[in-house]
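For clarity, chains are labelled A, B and C in written order, and residue numbers in each chain start from 1.
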């Protein structure tokens, strides 16, 4: 049903090539997440799929049908915008019913679908309100409701949670994931928050400057980042990337070690790296210690147990787990 | 936003407006240009059907050569300029006043806008007869009350009278736009400057006035468009006598009263040139000022 | 203490503002009052303010001399028709400019505005000839078209400024929801821009109602609107202040009432969407 295939898709704005030719396949029912730094072209890519922008060259197939020249309405996709883009002059009910009205569906069927979408999204009590009278989370739900009633072949989300506060974001994240499990429909989700990407995705697409750096499942990306950029981008806190003598010892230009793969001790042991504690962030469950003085990587971040009691200025000794070291060559590409 | 679909839709949807306006501009303009090189006196039997005699630039030189030409350009510019100055200055003062706290602000605002609703023929006639009539006009009564000799407004102070009438019509417009602009001024910004102890005049000069510059531009632009072509106010009051013959009115007389279409058309071309000079000048400022 | 000061200030403001407001309004007030006087009372020395014998005879006289209803009806058709037609043509154009802007958008907009600066008198005779050719002279259709054209730039400009305040994303959402361009404009854009459209319509209705160059020069008996109705009073015979006032009042009353009742939208419209 909802397979999306991008074939050598390229996008230029005037003379500026925002997305160089790119291939990507999103399987039916998959939850694909586009991540990448701001301005890397995530929204542009999503809008190309939606049909809100034209591809400069290449083609897009949806459900096996050529869609590059189809207008948005004909692509059978639904989109949830960052700003929600609700119709302010319509009640919640009318907002959700709008796509069905446009599809000239009969009234009884519209009512049925709106009612059921509202109950799924806990909006039943708000159906007669205007969007202006709702909270951010409720508005987001209305936007999602408007998308699901159409039963589209795929959902497109452009940073749908970035206007919500942290607590609400976690809740909505779960709701969207649950929705995906229940509907089993393809979802393409844009975010620059890599926690969202890791927790929600079946497949993550890491973009940088319009180029796909890597495509894979969250754990694939975590365990075998294809290059330095992905290594640094996926994982929180970020992977420590070390250059210089230490890297050369491993026959690499750069080596990477995740904070959770470094042992920290207050007593010297064989082959350990020495450093000074800068800031220690106590989260309760974990402590993230930022350590200065390690050659080639300043500061180095280390994850320790929640009850570690190191203090600013303490000298500590670090032992990376040798089996968890990622090696990268001169071009930043992973050495297997 | 910009897909091929929406771009071609946009072109299509813009077409009617653009084509209509283009036609509205080009067709009569071309005809005017054509007539301006011809001898065209409909009352003497000249007509398009019989073919018109080519006279070259004679109409142009005769129009400029006529003793009424330069005075008419001057009258036009004086009227437009004076009305602009009067309405902007008084409008600013009035807007500042209306922005102050008071009782019945809404009603005062209605009183102030009302002249805008009055059609030019009515305001011309009302002012001419009931206010400026040297015997029975209100102003005559007022002058007599203070022991002065009543003025024959429309002949002795004809330009001033016209300027007064037109300013009265356009003052509401200026006031309201400027008032809107003042009301949008961040009150925090003003309070901050009040806290800094900036004196009232300084505050006006350095904070309020710059904030209003865009609004003033809009007032000037729109009023100029309408003022360059004022007609009815003169038509029903002085009928162009006593030095109030604007370029518009002069051409109107050539074409309709003396039925000299060729000469009038040459005048029309001059008027178009004058309007364009003003337009280029205005568009410069406006283009810059409206972008923000 | 502070309160007392502000109250004094407020009182002073009120007195000054009301005086100026009444001064500006006075010509209209005086016209209305005079319309209820007899001709003799109208030119009484000193002028009579409120204490005179109120009469309706002037209205009757004006009605007898010229058929008011016909002029009124012409004004309504001409102003209403030209505004409506203008909006119908301008909405799509403004949509294009606001939501699919290109490098030329601003140029087109300024060009449109500059056509308003073309002195009407410069093209009067050609239009006159064209009107004769097409049989449009002294017809309402002809005036509807001309006034639509002269007001179009302003309508486009105002709608453009109002439309630009509407987030593109909402229109894009409607497109994703399967709305055609027509649906998008009719069900999403127009309702959202309704206050702006209302202001535009009101203001242009008033401008068209009061337009007094083309209406005077292209009409004779049949299609003449109120501007021409009143212009026929410019050459008086005998005592006529009261009748002139009655005719004036009749000419401006409809638009005055409309303006007063829709004051809020109108004030918004008066700024031509250019000042917020």
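Criterion: a contact is a pair of C-beta atoms (placed from the backbone, for glycine too) under 8 Å apart; a residue touches a chain by one contact, two chains touch by 3 or more.
All of these numbers come straight from a predicted model, not from anything done at the bench.
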item	value
Between A-C and B-C, the pair joined by more C-beta contacts	B-C
Closest chain to the centre of mass proxy, which here is the mean CA position	C
Chain centre separation (subunit A, subunit B; CA means) in Å	59
Subunit B and subunit C, separation of their C-alpha mean positions in angstrom	15
Centroid distance [mean C-alpha coordinates] between subunit C and subunit A, Å	55
Per-residue overlap in subunit C, given as positions that touch at least 2 other chains	172
Contacts with two or more other chains, residues of subunit B listed in rising order	1-2
Two or more partner chains touched - positions in subunit A	52, 71
Complex interface listing, subunit B residues touching subunit C	1-2, 6-7, 9-11, 13-14, 16-18, 20-21, 24-25, 27-29, 31-32, 35, 48, 94, 97-98, 100-127, 129-131, 135-136, 138, 141, 145, 168, 171-173, 176-177, 180-181, 184, 214-215, 218, 221-222, 224-225, 228-229, 231-232, 235-236, 247-249, 251-252, 255-256, 261, 264-265, 267-269, 271-272, 274-276, 278-279, 283, 286-287, 290-291
Subunit A contact footprint on subunit B (complex, rising order)	1-5
Contacting residues of subunit A [partner subunit B, same complex]	51-54, 69, 71
Touching residues on subunit C, where the partner in the complex is subunit B	6, 9-10, 13-14, 16-18, 20-22, 24-25, 27-28, 30-31, 34, 42-43, 45-47, 89-90, 92-93, 95-97, 99-100, 102, 106, 108, 110, 112-127, 129-130, 149, 152-153, 156, 168, 172, 181, 206, 209-210, 212-213, 216-217, 226-228, 230-231, 233-234, 236, 240-241, 244-245, 248, 251-252, 255-256, 259-260, 263, 266-267, 270-272, 274-276
Touching residues (chain side subunit C, partner subunit A) in the complex	167, 169-170, 172-180, 183, 187-188, 191-192, 194
